[in-house]
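Here you go, one structure.
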Amino acid sequence: MSIQRIEPGPRLSEAVIFQKTVYLAGQVADEGCGSDIYKQTQQALASIDRALALSGSDKSRLLMATIYLTNMDTFADMNRAWQEWVVPGATPARATLQSARLARPEYGVEICVIAAQN
Amino acid sequence: MSIQRIEPGPRLSEAVIFQKTVYLAGQVADEGCGSDIYKQTQQALASIDRALALSGSDKSRLLMATIYLTNMDTFADMNRAWQEWVVPGATPARATLQSARLARPEYGVEICVIAAQN
Amino acid sequence: MSIQRIEPGPRLSEAVIFQKTVYLAGQVADEGCGSDIYKQTQQALASIDRALALSGSDKSRLLMATIYLTNMDTFADMNRAWQEWVVPGATPARATLQSARLARPEYGVEICVIAAQN
């Protein structure tokens, strides 16, 4: 059974699809976004929208989301952007964890998603 | 192919099922459980039992478990409850990580599970 | 639908396979490896190769990798071993997080992988 890879790079692919299940790379804000976690979450979610579209999926088809915050005090900020974004009635299973640092020091939130193709 | 969601809420669903694979939301102890990690783990595992039952699965069908502790010194306490709970010969792939904090400060353990439907 | 378990133990199985998707236990370096993260990553990846082979898969079939470092300053060391190991054009979706401690204090890197069977 074949594997489809979206934007494969030397370290990672942006998305990988197998048997209609879509695994996305962890998504963060764009560079220069600033430290506001509400904004960082919005940008990470926009990147997820983009990667899901390239994968033949969309946010109504989320299966699981794992959210990493560098500071759990930003939980409410992240959740505000998250709840504005998700499709009511189509929310994924979710866990929110703390990662003292992410790949770059300016990142305060990273979101990993598994979704289903349409 | 259709997605089934168990107890969908505004932020997350307790479980999401796609192609007989069940993704559970991260499970923690009940409020007021106290700080004992053996007890917290028992309660988290009871919540997993409940969510698996609602999903047409059970603990003999676990595929992968990711366990987050706020303090790695509680590893043995978590493992004691874990080993009493798992079905011999049917243990999942597993990883245990540290998360400095979980969604609420009183939580010391959170468990994320992927399972197969019966 | 049946589940296949590779080297099931009292706490975890080294790999679990369902519908041609392979979930590996988190892999770390061997005992006595020392603290060099490039070397630790090489050993963890060798363990992944071994577990994938037992599962009827290989590193060209990776779907998702989640990498945990105890110190994000070792990101480049981990990446060096990672890039030497992955198959060009067949890189998985990936996320790299920090876990202040792993199961043993000497571990500096742990890698969790989901792959597809051949």
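We call the chains A, B and C, going by the order they appear; numbering starts again at 1 in every chain.
Here is the rule we go by: a residue touches a chain if its C-beta (ideal position, glycine included) is under 8 Å from a C-beta of that chain, and two chains touch if they have at least 3 such contacts.
Given the structure is predicted, the values throughout are model-derived calculations rather than measurements.
Visitor: Just how much do you need to spin chain B so its Cα atoms sit on those of chain C, in degrees to the nearest 5?
Guide: 120
Visitor: Does the chain A and chain B pair touch with the same residues on each side or with different residues, judged by whether over half of the numbers are shared?
Guide: Copies use mostly different positions to touch.
Visitor: Using mean CA coordinates as chain centres, what's the chain A-chain B distance in Å?
Guide: The answer is 21 Å.
Visitor: Hunt down the residues of chain C that sit against at least two other chains at once, touch-wise.
Guide: Correct list: 19, 21, 97, 99-100, 114.
Visitor: In their shared complex, at which residues does chain C touch chain B?
Guide: The touching residues are 1, 3, 5, 8-16, 18-19, 21, 23-26, 68, 97, 99-103, 110, 112, 114.
Visitor: Touching residues of chain B toward chain C in the complex: what are they?
Guide: Interface residues on chain B, with respect to chain C: 19-21, 61-66, 72, 75, 79, 82-83, 86, 88-100, 114, 116.
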